[in-house]
Every structure is written in structure tokens, then in C-alpha cells.
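Quick heads-up: structures coming right below.
Common to both upcoming complexes is chain A, partnered first by chain B, then by chain C.
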Partner chain A sequence: MRYEQEAGARGRGSEAEIPSDRATVEAPQPFRIGESDPAGTPAGAAGAGASTAGTASTVTFDLGATTVRALNSELHAPSATSYEVLRPQGAHAIAAGVHAPLTIDIRGHAGYYCAGMNDGATITVHGNVGTGVAENMMSGLVRVRGDASQSVGATGHGGLLVIEGSASMRCGISMKGIDIVVGGDIGPMSAFMAQAGRLVVCGDAGDGLGDSIYEARIYVRGAVGGLGADCVEKEQRPEHLAELAELLTAAGIEPVGEYAPGRFRRYGSARRLYHFAAHNSTAY
Partner chain B sequence: MCGIVGLHLRDPELYPQLGRLLETMLCQVAERGPDSAGVAVYGDQRRCPEGHAAVSVLLPATGATPATGATPAVGAVPATGAVSATGAALDAARAELSAAVRAALSGGPDPLVTAAGATTVIAAPVAVDTLVDAVRRSAPGALVVGSGLDLTVYKDVGNPRDLAVTYDLANAWGWQGLAHTRMATESAVVPAGCHPFSVGPDQCLVHNGSFANHATIRRELEAEGVRFDSENDSEVGARFVAARLAEGVDLDKALRLLCERFDGFYTLLVTSNDGFAVVRDAIACKPAIIAETDAWVAMASEFRALADLPGIDTARIYEPEPERVYAWHR
Partner chain C sequence: MTGYPPDPASLGLRESHTFDRATIAGIQRAAMTGVYDIRGGGAKRRLPHFDDLLFLGASMSRYPLEGYRERCDTDVVLGDRNAKYPLRLAIPVTIAGMSFGALSAQAKEALGRGASEVGTSTTTGDGGMTPEERGQSKHLVYQYLPSRYGMNPTDLRKADAIEVVLGQGAKPGGGGMLLGQKISDRVAQMRTLPAGIDQRSACRHPDWTGPDDLAIKILELREITDWEKPIYVKIGASRTYYDVKLAVASGADVVVVDGMQGGTAATQDVFIEHVGIPTLAAIPQAVQALRELGLHRKVQLVVSGGIRTGADVAKAMALGADAVAIGTAALIALGDNDPRYADEYAALGSAAGFYDDFQDGRDPAGITTQDPELAVRLDPAEGGRRLANYLRVLTMEAQTIARACGKSHVRNLEPEDLVALTIESAAMARVPLAGTTWIPGQGGLL
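After this line comes the complex of A and B, so read on.
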């Protein structure tokens, strides 16, 4: 199972028009909202450092016995296609900079910048993550079974990032084309200066949502604490309901009943802030 | 960076485990602040028995004996009260202090003296003010870094993991504790610059961040008669909170007043003999996470510090919102 992004899909998410050639997404295994699996299920006993425990093609790294640097060096020049990371113990930068279509399962809690800059891999964290998960992601799929700290998907260019639990402040800050689906709530100051991409929130959003937003689209099912400068509620047109259903499905949420697209509200830029007005030219 | 951890126990059955739990938490934030570590424990009757007051002090170097043991950190600049005795000189100073305090208290039993790195904890069955006065008179150059009926404070420079052993943290009992690992930004790497700042009875403050207008507020407080022990910006926060508490406002209100007056970056954990409070600045870029169960409330800079607490899988976990005071009471 892999999220496939079409070449032309990067930079999509323009508010003005929704491209008809949307990225095709294949539904991953569904998860039930509110029943995430923070601890995950540890795999079989692992030896010191890397080993090929479990299935023959899966390489296992035990971060209780080896370093993040050793893990990331292997992931940057991979000898396999499937990896499992045991005892992550909140270490920072786990599986950062992967640029191959690998499948990586992290069994436990990860620290800062997990899966940062991901380009093509399918990375699942069976636990919580710290600040900046999948920051600057280019493509691929990152899924967090638990909760996430601040700056989820910061400056992300593409791919799909799913937080099954809740995300803290500044979720989607400066997002540039990434799609983010959050099963729970998001904290204050989220989607600050969000430029492109879609942010879907199944719970509530904190204060200052979408402050100084450009062309990203935000969908929130619950309450919004307050909208930031130049962020306004917008009409849900049929194409928005359709893309929302597609994003929810891609994240593993069935878009029916409580999660029907009609239950969400859409927010975006009023475009009063960032367009240059010719009559202001004398002010510079 | 800097790392903060705090644990407030609700379930008395966990009291014997406070030190062990706090040490585990501290070690998870060691990399965030590798230059120093300070710890405060509430209710450790090994070192502050029932009916005793305890005073934690950094004893001055006398100059008579060359310092042995800990090597000063590179770039360390002595500040007020910053030059601490080490090695044999420290042992001698402790013995002198014990005798002098006993004399100052007009005889009675020997005060209970605990050595823990650069810190000396001295406890006696008298009022807190009486003991603080006796310590100050007995060792005029000593820096009092904590005092109260229930509180012991430990400070030193060095690797936080090693310091946890030096303080014998694992064996501490208690109902509440906090620890701080420091990556110095605003003042020198010396024991006196370590957090927590404990400037009122049974009060502690730890800080991750930096205050921008601390010099202005320091001058205002000095004009009101407040005296400072270090050049540290966080001490200004602690003195401000202590001054508000002394005026009779509660911890919640004192921290809201701090948010109004202080500019800069901060995540603060403040403790008293009554409880535990957390507040962050309006931008909240300094990390903080809180977890609660029926048995405890815990706060840390990163989730990893909470990951091994008993019952974390079913805890309510959240990150505190900007400029909102979160407070718990016994």
C-alpha cells in the first residue's frame, strides 16, 4: 500500500481551481477515530543493532542497541525495502531524509523531526511524535498512530501526513502542498502562512487558525477557537466535498455519518493581505 | 534548549518512588541541557525530617585550599556567589558550618547535614527563618539556594546523569519534585546559575527560554528592596513571583501577572508547598507537555521524559496553551 503522487500533482491545492487530475490515493487500512494505538505492537525480539528478524525482507533496527545515525545511513542507501525500528525512545530525527519508496514501521514514541523531508517512503509511527514530524515532506505517506507535538508537517511540499490522534500548536505551518489529516484536534496558530495543500481536522482547531494564509484549504469538523488575520470561512462547493471525501478515505476514515464531508466547514484566504495593490505603490 | 521535568504525586503509595521516577525523567532531558542540573524535592524526610526546616546552600571557596574535583566549565565566569568550594575545602566548610549553626541555635542536637555535589543541605528542628538566619550568620559568603519546611534543592554543574547520582535522587522520597537541565544562554555556567530558583519558602521556579526585559524588571524589584543572588534572567522571574506571593496573591494570579510584565520566551514550572503550576508565553515556542492520571500530574519538555511513567498509556496528555496558567493543588 503506497500513496502515489502524480508528477503534476505537486503544487496542487490552488484555491482558484482544483485540478481534475488529482493524485490517485489508495485507501490504507482504516483506523477508528479515538482508538489510536500509541504503544503499538512490538515485533519479535531483536538482536543488537540491525537484524533481519521477522520476515526475511524486513530489516530491524533496535535503537536501544544502535544509533539513529546508523539507522538513517542505511535508510539513505537502502539494502532492503522494508524496515522496522524498535525502542525509538523518543530519539530525534528518526527516518529523516529518506528518498526511496521504503516501508518503515517505528514501534514506539519518536522525538523531533521524525520522517523529516520524506520523499516517497511510507513511514508509520506506532506511538507519539515530537515537534516537526514530516517537516518539509516532499512525497509519500507518514502516519502517526498517536499524538503529535508542534509544527506537524511544517513547510511540507507534498505527500500525505496522517495524525490519528491530536496535534499541538502550529500544525501545518507554512505548508506548501502537503496534505494533512488529523483525527483529533489541532492547537493554536495552526496553518500559519499556509501556502498550498489541504489540512483536514476531524476535531477542533485552536485560536488563530490560518493566520496570514495564502492558498491552502482548511477543513474543520469541530469548533474553531478563532480565525487568524485574513482567514475566513468559505462555501463548501461540490468539488470541495469531493476532495474532502477523497482525503478522508486516503487517511483511512470512512467519509460517512459523523465523518461525512458535509459535517466539515471550509476555511481559506480572504486574499486581502498578500495581494499587492497598485495604488499602494507610492508607499514603498 | 534546556530541559524541564516535574512530577506531582496524588497517590501516596507512589511517594517512595518519587526520586526514581524523577531521575528517569531527568535522564531523558539530559541532552537538552548538558552543562548543569538542578533538582528540588518536596517531602524527602531523609534530609528534611518531620518538624525540621531545611536550608540548601552553596558554600563559598575560601581560597585557602586549591579547588579539587570538578573542573570549572570552559568560559565560566564567576558571578555573585558563584565561586563554590570543592573537595577537601568543601568538606571542611561543611563541618565548620554545622558547628557554627549548632552554636547559633544555642546548642541542641547537631543539625542534619547532607552533602550532595556543590550543594549542602542543613536541617534542624527550628523555624525556617531561624535556620536561614543561623546559616547566613555562620557562613556569610554562603549562597542560600532553597529553604522551607518540606523542600530540598540541589544544584551543580556537570552532566545531568552524573549529577542525579551525586544527589542520590533515585532514593529520594516525596510528594513532588522537579528538575532542570541547563544550556546556559544569559549567564555563567556555575552552580549559582543553575535552576531551580528558590527564593521564597518552599517555592521553586524553573525556566526554559530567555526573558528579554529582565534587566528592567530587576531594577524595578531592586528599587522595591529585593536582593538578587545571580545575574540569571530566570532569577528575576522567580523574584517577581515570590514578591507577588508575598503580597498575598495566589500562584495562578502571580503567573498571570508575570505574563503581563515579562517579555521573551518562556515555559515555566513553578512549585510551592501547596502545588504545581505551568505557564508559557504567548508564542509558546519553548516546548511543554503535560500528562495527568489519578495518581500523578507530570510536566516535561518532551514526551520522551513521560514515556516510562506508570499508567502513561491511559494518561490524559496535552500541550499547555499559550498564556494559560495550569495549576494543581495538594
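After this line comes the complex of A and C, so read on.
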């Protein structure tokens, strides 16, 4: 399940020596979509901060030569529909606050809050991301080809967020309607106070899964380190298997064999903490 | 005295200070129900407060300004450190964050109307922004809370400022709660929760954990709103000196410090009364932190928690605040605890002047409720007029004091204009005990 970094992606020297910061990760096994995705064929990258080199409709921003502010300013009042971000260099808030149906490809690793509050854009990070990717997403599609740090999709209201690798702790914390599909594992305290939406984990989940969960639904294929307060395993009824198949398919995973919906278990709220009561005192 | 029982003291009975009637009632209630007491409002215990300070006024050594003729300005600019569009308010009294959910939509609209009439700001709360509130608020501060209930980028862009809430004075370190009685379908829909449940709000933000992370979060909020809006950081008063320094280091344009008298819609009584410090003790700590950073007046300080009169406004500003915020007092101006509802308060087991069951949703004044029949009792236009009147009085009172102290702007009031009536307030406010030069604790680190 682990994605493989390309040779040379670790321990590199100056970012400036690598003009495109391209193709740092490959799609992990289950993701069919990666096979047809030219993960690293950036449009003209050299020098200029922003350019329309390459395909005529794609605007390229090289964050080695320009600023996140310039990028986001353009994305908030877009003059094109397709963008490519080169040498992201782990910068924070890349493509945050986009509210138009743009296609944005980020070729490399991004920092905190990449695609934060996305509302309608299709954003692909061809690398790893820091804390809070697609936090509070409203709609659209965000795909991370590598791994993600904490608070993946935190408080997201809608859209689909795909982490092809693994995600750290607090994945899906306080989610409010977003769908999240993780190809690998997720860390502890994930789906804490998750209100609505679906979280699909193809690997394992850490301790305290779904603590104080409300109406979100969680599907885990592997082992669960432990369930949090008021989170219980629930029966997989046909409608759950069907929605899981849809989610896997939407994420680019064929829901058959190892990834058949029947291989997953479903978790959700026991709804015992929905009302304050004396006998719940040890839970709050 | 017909109908009233005799005063027990007149019978020679002696009440215990340790086990007074309220304490006894609390124990009995706990034994009966097995659940802690949840209520609204702020700390009720007696605390060192603005009442313990006095202004010296001008005489030989200082010139006063004429009370009715000479100009004393009240305007304030909030958040001009980084934002393209800082808030420019006509008066330094703002309306504190209170949620739709805790309050009715009518009450939120009334707050917006009253604030806008006198040129000041109002603030959303946990649960998001309502169209009524946005439509009636000239300057609207959008709270960014741990729960992020109803938080969305569209409303974020509609806001005039963003207030990242770390805590509030009534419960520093605590999250919110809204009991099922108040989770109407509209409230539930805005918060993405099932109607009728007892709703908990997180006490920690979901996607950042410390000042270093907060700096990045604030950067993200600026990026999303294209660096147009001031970013406030609100903290409940506790370790105020350190918290203010860290808030500023994280990038706050405005720091809001809420003392323990600041109200809440629903919190455990034990939390309200026993966690946090009084407003009076918090202000000098905040000002010291800002001064040491060289940012006093550059990062503005808004103080809340127990502001009732123009004297309180003037005293907070003399201690170094740039503006104040009111919550409880604004609700009273709208009609909260009005004696005309005496019978209905009595039916709820309370009384006008004592009612604090804001969590319960049965507010006779129609303010802290989601019951449509109660909520309709508050006419937003009339409520707005009352609030505007009250805000004008606060402002005129503060101006009266400022002129008496020889100041042509209320912001020019200074600690040297103040003395304290008690040793405790002198130590907390760091002004001398009246008639002496003694400031207890002076010379210590904090």
C-alpha cells in the first residue's frame, strides 16, 4: 500500500537545482486513475513566475520564482481554467480559497492547508501535504498522490478528498459532509466529532477512531487500533456496500477483490452521548 | 409584608457563609439530578472590578475640557497592521460574539441594527452567519471557532473582520454547548447536526494546536480573503500576559481579552465561577505584553467581561484598551431580565434580575431562545433602537469622564488618571491605592 518515492526525491539539495519538482510520488497499487495520469509532465517551467507556456489554456506558476500570494490572487480571480504549480517547496496555503471550477496541478510537496476551503476546484497534489489539506472543503475534488499530515479534510462540508498514501492523526476531524478516501492508513483520533460525510480507509486506523462521532459513516478495511467514545461497529447493509463501492470508484479504486466493499467494516455513532445524562459522566 | 416570610435574621437565625442558601440549594440540586448545573451569564461572585477604581479628574495640575462644548473624539481603527480594509468604528464599544442558536434570529438582527445605528461592529458566534445579521450589520466580525459550525468561505469573504476564538472569559479552556431545547431545525441545519440533541462544541481547533500552527492558520485566512480583513484573536483571560504575546506572535491584528465576568449561553456553573481571572486583572497584563513588543496601539486591544457603564468603558480604556465589547449588557438593553416578565420568570423558578437559564430556551424576553412564539416578542427594530440608545449613553458617559480628565479623545485616558479603592484592585489594575502612591506588587515580573 505504501507509495514509492522516485529515486532522488529524498535528500535533495537546493530546490533551485530541480526545475520542475516533478513526479515525486507514484500512485499506490489500488489507484487505477494514476496509470493514465501523466504525473510529471509540467508545462514550461523555467524561470518565469507565471506563464502560459505549454498547453495554451494552462497557466503555470513557479513558486521558486513567485509567491503564494500571487498564485492565490490569480486563482481567486482566474483568467484561465487550468493551472499548474511548479516547485511548491512545501509552501503553506497553496491554492487556498479557490471558488471556481478550476483544474490545478501542484507538482511537488505542499505545506499546511493546501487547497484549504476549496469550493469547486479539482486540485491534485503530486507529492505529500502538510497539516489540514482541503480543510473545510465545500465542494470539488482534491487528490493527494502521496501522504498527508494531520487533520486531513478537517471540518469539510462537501466534495471528495482522496489521499492515495497514508494520513496522520485527526484525519476527518469534525467532518461535516465531506467524503474522504485514504489509500493507506490513518492515525489516531481520526473522525473526532465527525458530524456528517463518509471516511473510507483502505488500510488501518489508529486509536480513538470516531470519538464522540455524530452522523458520519466510517469504513475501514484493515485493523482499528481502538474505537473512541460512542463509536461502535455497525452492520454493513446493502446500501452501505453500494455507497462504499461508489466512493471507491470515485476515488479511482476498483471495488473488487482485495478492495471489494465486503472487505471493509463500518463504524458509526451509538448515539449514546447525544443527550447529557448522569450515567454518561465518565464520557464527558 | 403580607405574603413574605419573615427575615430569618430577625428571628436570631444565622446563615453560614460557607454553606449559604445558594450553596445548600446547589448541593440539593446535585443530589436530586446527578448532573452539574449548566447556566448562562458570567461569574456571579463578587470580584475586584471597575467599581473599585476612581478617576482623579482635572484641577490645578491638569486642565479639563468643557463638558458640552469641547470636542472629545471616540473613533477607533481596528486591525490596520496587515489588513487592506481595517474596521473604522465611530465608538469604541463593540458587540461581542454571540451565536445564532444561543440567541434568536431576531435578537441577532437587533444587535446588528443597534450597532450599525451608532457606527460600531457586531460579531457572529458559534453556528455561523445568518442573512438577517449580515444584512443589518454595517461592520460584522465573523468568529472562527473550534467547532467551525456553519463556517464557510463564502461567509468568510462577506465578513468585515475575522475573529479566531481560542476561548472566552466564562470558560477559558472549555468548548461550547447548546442543549437540545435550542437545536431547532434551522440551527441544526446550519450546524450540520441532528435536531434536538445536546450539542457539544470542541474546545480545541481541529487543524492547529499551538502558536506556531496558528501563525500558519492566520496566514491561510489572510490568503483566502486576499489580505483584506483584520484578523482578531480572542482569548479567555487566564495567563493573559503570555497568551497575548503568543497571539501577537501568531499574527493577530487585534487581540480580544475576555475576563471571567464575560457571559456565556450555556456553561457549567463550576466552570464559570472557578476558571479564569477578572477583567480588571487581565487588562494590565495584556497591555504590558503589547508594550514589551512595541505594539501597544498598533495591535489593538479589545476588552470584554463586565462592561456596564461609560465609566467601565473609560476605565478599561484608561488601563490601555483600544475598545471594549459588551454582551450581557447588550442583551439587557434588548430586554433581557425585564421586570415586565416577572410572572413568567417566576413560573420558570427564577425572577427578573436573576434569570440565567439561557441554556434552557424558554427565555420570556424572547432573546435566548429558538421558540418562535417567544422569539417574536422581540421586535428587531425596537430592540435595535434600545441598543443604539444604550450605546450612545455609554459613549457619552465615557466622553464625560474623558473631558473631566482633560482628554480630547477617550483613548487618551491613561492609568495616571486612576486610583484604586481596594488593595486588591490596586494590585490587579496596577494603579495606586487612593490617597497613596502605593501600587501593591509593583516591581514584580507581572
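To be clear about the criterion, the second predicted complex is superposed on the first by the 228 of 284 C-alpha atoms of A that agree within 3 Å, B and C clash if a C-alpha of one lies under 4 Å from a C-alpha of the other, contacts with A are read in each partner's own complex, and residues count from 1 in each chain.
Definition applied: contacts are C-beta pairs under 8 Å (C-beta built on N, C-alpha and C of every residue); 3 or more make two chains touch, one makes a residue touch a chain.
Worth saying up front: this structure is predicted, and the values here are computed from it rather than measured.
With both structures placed on the common chain, the touch criterion links A:G252 to neither chain B nor chain C. Using the contact criterion defined above for the overlaid structures, shared-chain residue A:D119 touches chain C, although it does not reach chain B. Of the two partner chains, both chain B and chain C are touched by A:Q150. Touch criterion met: A:G132 reaches chain C, while chain B stays clear of it.
Legend: residue contacts after superposition of the two complexes on their common chain; A:H109 is shown touching chain B, with no touch to chain C. Of the two partner chains placed around the shared chain by superposition, chain B is the only one that A:G187 touches, whereas chain C remains out of contact.
Of the two partners chain B and chain C, more residues of chain A are touched by C. When the two structures are aligned on the shared chain, A:G177 is found in touch with chain C, with no touch to chain B.
With both structures placed on the common chain, the touch criterion links A:G268 to neither chain B nor chain C.
Looking at the shared chain after the overlay, A:F276 reaches chain C, while chain B stays out of its contact range. In the superposition on chain A, the residues of chain A contacted by chain B and by chain C overlap at 111-112, 131, 150.
Across the complex, chain C is touched by residues 68-69, 72-73, 76, 92-93, 96-97, 99, 111-113, 116-117, 119, 131-132, 135-136, 138, 150-151, 154-155, 157, 170, 173-174, 176-177, 192-193, 195-196, 212, 214-215, 274-278, 281, 284 of chain A.
Interface of chain B with chain A (complex): residues 28, 284-285, 287, 289, 302-305, 307, 313, 317-319, 321-322.
Taken together, the chain A residues at the contact with chain B in this complex read 38-39, 89-91, 108-109, 111-112, 128, 130-131, 147, 149-150, 166, 168-169, 187-188, 206.
Those residues of chain C whose C-beta lies close enough to touch chain A in the complex are 33-35, 38, 147-148, 151-154, 156, 179-180, 191-194, 197-198, 200, 202, 206-208, 213, 216-217, 219-220, 223-227.
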